[in-house]
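Working notes, structure below.
The letters A, B, C and D name the chains in turn, as written, and every chain counts its residues from 1.
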Amino acid sequence: MHAIGVDIGGTKIAVGVVDEAGRILAQVRRETVADDVADIDRVIAEACTELAKEHEVGAIGLAAAGFVSPDRRSVLFAPNIAWREYPLAQRIEDLLEPDVPVVVENDANAAGWAEFRFGAAREATDMLMLTVGTGLGGAIVVDRELVRGKWGVAAEVGHMRVVPGGHYCGCGHEGCWEQYASGTALVRDARQAAIAQPARAQRLVELADGGPATITGPCVTQAAQEGDELAVELLSNLGRWIGEGSASVAALLDPELIVIGGGVGAAGDLLLSPVRKAYEAQLSALGHRPVASIELAQHGNEAGIIGAADLARR
Amino acid sequence: MHAIGVDIGGTKIAVGVVDEAGRILAQVRRETVADDVADIDRVIAEACTELAKEHEVGAIGLAAAGFVSPDRRSVLFAPNIAWREYPLAQRIEDLLEPDVPVVVENDANAAGWAEFRFGAAREATDMLMLTVGTGLGGAIVVDRELVRGKWGVAAEVGHMRVVPGGHYCGCGHEGCWEQYASGTALVRDARQAAIAQPARAQRLVELADGGPATITGPCVTQAAQEGDELAVELLSNLGRWIGEGSASVAALLDPELIVIGGGVGAAGDLLLSPVRKAYEAQLSALGHRPVASIELAQHGNEAGIIGAADLARR
Amino acid sequence: MHAIGVDIGGTKIAVGVVDEAGRILAQVRRETVADDVADIDRVIAEACTELAKEHEVGAIGLAAAGFVSPDRRSVLFAPNIAWREYPLAQRIEDLLEPDVPVVVENDANAAGWAEFRFGAAREATDMLMLTVGTGLGGAIVVDRELVRGKWGVAAEVGHMRVVPGGHYCGCGHEGCWEQYASGTALVRDARQAAIAQPARAQRLVELADGGPATITGPCVTQAAQEGDELAVELLSNLGRWIGEGSASVAALLDPELIVIGGGVGAAGDLLLSPVRKAYEAQLSALGHRPVASIELAQHGNEAGIIGAADLARR
Amino acid sequence: MHAIGVDIGGTKIAVGVVDEAGRILAQVRRETVADDVADIDRVIAEACTELAKEHEVGAIGLAAAGFVSPDRRSVLFAPNIAWREYPLAQRIEDLLEPDVPVVVENDANAAGWAEFRFGAAREATDMLMLTVGTGLGGAIVVDRELVRGKWGVAAEVGHMRVVPGGHYCGCGHEGCWEQYASGTALVRDARQAAIAQPARAQRLVELADGGPATITGPCVTQAAQEGDELAVELLSNLGRWIGEGSASVAALLDPELIVIGGGVGAAGDLLLSPVRKAYEAQLSALGHRPVASIELAQHGNEAGIIGAADLARR
């Protein structure tokens, strides 16, 4: 059975028809206005209706950044779109032409599920997926099942606290993992280093071409690939936090595989090596247990579509 | 179907027949020698054989402190008994007179399962159990299933890191949660306070009756119940660490109920109130999600027997 | 001998004639343009010249936020004014009508010296002054002498690190004391609490009258004075960081008195009590040494003028 | 004028005649019983009397581990000898045959003074001395004067807190610098690594020749000199803590020179390089100030004698 997956971003929506092997057969993209909730509904429904004319579709899955109700029908809260206890599945069903069931999934869960079913973790039974981007998103698979939690809010891994009294987080707390293990953290650390250690940051500032405040993640990756000592340290430090936090998760969940997604994956082994080293150094009971593999995600930006579609079929 | 549960400690073994409602119908206790593995096998088998003569028994579950293989047949590693990849289930089956299947379970998992099936969490679907004793043990139930992990090593919650560069742990790492949220931590903090703030620690030292180094957990609880300011602070601090760490676990697992077991439960609300307050203060997305309940365990020392027996039936 | 003290702010300059008892006999205020260095010189020189016509003046002291050379002639670096290795004393002397020697002092040092000579610490020999404002400034007196350090940069107490991996600081590092012990920290913590614990922050948000992002320090103080639990906690937390950091300084310097200046002093005992409690709880070797007193500063905004004038006489 | 310096250890006493250039002209050593205070007095007095027969001596300085009164006459408290408000100088004067004035100094202060007057810091005016041994001792020189503090208890640098909630310290607190920057910390970290990362610790355990618990500081140094990766990391980590803590001290005191004494100096650049790197990386306002030099101490075990003698002359 084919299914449609929809990846709903703040200003863009990507919609694809996905087959049972996780392949995207057709795809359309639409722009939206983040604070116009009804417009988002309409754009989604039209795109789905359009694709459903060309493809026989048995289910629709919507991937949304936010808290999703356990019955997979509503978004309880979203940080970037004005959904509050919003019955998103029902609204889309009401607007659709074909009579196809709709479910909502958290976007990080959808992406993780794509990796679990058709990507880096397709042979695994217990997986931790980390999406290292603006924030740190996650998905957890235990014994082949996605962990959604009692109220649908599980796998908010970025808000595990890793430093008491640590960096402020947008969630109102201090020391959240995503403040140390995200692209945002990498950039902020690079900019701080350019202030605190200006001589060492020369190459970074050059690449940024506009002073410390314009350093970006790709600048750091490029400088590190050139061998710049500070840039290598910054990626290594990011990797250390990813690996050490993962070891804490492993103390709880004992996964066999940790999948790293998000833009920082472009750094390749400059990131993965320190992740693996830190994971192993920090893993409880090393020597009395196997060590989980740590691999890059395979589906990039399309993971949300693929995972949402596949979850809709279940 | 009745089942036998066996709780294997370092020097004592408790064996009970458990019915399907989680009641213990009969129980025997035996002493063992911790480093004589064959003796432990023999003592367990004899006790089970003896009880099986009086009761019809369909399965035997062994609760052991250590890493248990995912097939529930072997102990991979135990901190206090000389088991290393030890085929414990097979050994007991070989020695038993009745032909009854035997499984091995981690002791904290067994205790948690008892609470989940017949205790504080019997109405829950997603639970975190914390056993706050010498160390910090745990059990995790997700959607009605015990989380064992890929290699049977999940729910080692005490080794989630809560303070980078924090207290040394016996596992070789620093800052493990059990170094802040255990009876051992409480006692150590009390003794440290007696050195650092001698005037405030007078009542504690009096109760200990032998100087700072003899302060025990019950001393702290008693002093706190009398209203001693330092003792109340120490319990409050312990509670804070339990609650804050639980909030990190909740970011991953979104449980509906957190069950607190172990000796520190004797402190009642002097402990539970700060646990709940810290959990709520530290919980991600408070206001956009329900808050898990936090309750004391109901089965005390017998939880291992009850849980192991019930798990053996499954 | 009378002396003139000048307190140079980013946009305002206050100039006063100070007698040997630390009294201000006359005072004028002027506005300046922060990035027009020559204008600042001119405004200072004119104000001093004017006051020197009415009062016999033997020396002029300039209090400036920034690093001051050990010979007290130049500002090496200033965060808010465009001074870089700027020969400030010479420039003012060149523009002055009377022939009076000029010295430059760091503004926090000047304020601390005013408290030491004529204020809260006038009977002390060893003092730590903390100015808890936008940042955390300091002054250190050891055996009756101001500690300037080898290169004039001592007493930058706000940049002692108190939390590894802690809050980002404008200096480019993490975990600086001023990120925990300043008015800015208080406000930021209050705003974070309004996000993380909205129900508890109701009174604070009411007083702010414009949502979490408009909460100010005076809101917190007022709410705390009304008995609001969260506000009391926030001040208590600020006090704890002031006290605990002071205990670290005391391990190095063993002061007899710690003077707290800056706007947060308005909170009175709501702040001072937790400062004292935390200082004592964290002080090394309590019971084997006297405990320093902790008192509020007495000179408020005029401390810079008074201290700069008095230091110019020495 | 020649003076005698006495270095009083727990079980050994070293006594030397020191000339004005800091050279030891004669030296004797004696054994003592740590808890027999009168015996210690007698042994010191006899050794001094004996040396004073051969050398004209104008003053005697006693270096003692403990808190020394500001008048340099008494030991207020000592961790290893049963002195409590003990009038040590008077007792020795009473027992001496020659009529020579006696003063008491803290042993770390004495060692630091030796380096300041005749060793690594002889050209400096502002110095921080760190003695990295069993604990972390220190001495502070500001503008050519030893900082003793109001009550004689300054320069207890090892008890500056560097990690909130960090390692327990014998002083009763958590996270004291000496728990991260001492020989004891190095050994403990090495032993922990041997538990947590057994494969990487093979060479260390081999050198220890008796399992993880027998690893010593010299094992780590030797392994590091052979290029062992873990050992190099351990020294680097020790160096990082020394350097980062020193940067915090520099925020307060702006020293021109930091002198590293104690047994760990044997590691040479394997230790010094990471110290310097971390100091610079963590130093506030790098780029706007000179960076202090960091050098090894020059006087080894004799620093206490030399410094105490010289301080007695002042």
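By our rule, a residue touches a chain if its C-beta (ideal position, glycine included) is under 8 Å from a C-beta of that chain, and two chains touch if they have at least 3 such contacts.
Protein identities per chain, from UniProt: A, B, C, D = Glucokinase.
Not measured: the values here are computed from a predicted model.
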{"item": "Taking each chain's C-alpha mean as its centre, the one farthest from chain A", "value": "D"}
{"item": "Distance between the centres, which are taken as Cα means, of chain D and chain A, whole angstrom", "value": "51"}
{"item": "Centre distance in Å when chain C and chain D are each reduced to the mean of their C-alpha atoms", "value": "34"}
{"item": "Chain centre separation (chain B, chain D; CA means) in Å", "value": "45"}
{"item": "Where chain C touches two or more other chains at once, by residue number", "value": "163-165, 171, 173, 196-197"}
{"item": "Pairwise touch network: line, ring, star, complete, or other", "value": "complete"}
{"item": "Chain B-touching residues of chain C, taken from the complex the two chains share", "value": "164-165, 196-199, 280-281, 286-287"}
{"item": "Touching residues on chain C, where the partner in the complex is chain D", "value": "67, 76-77, 124-126, 138, 140, 142-143, 145, 147-164, 171, 173, 176, 244, 247-249, 251-256, 282, 284-285, 288-290, 292"}
{"item": "In the complex with chain D, residue positions of chain B that touch it", "value": "163-168, 170-175, 180, 188, 192-197"}
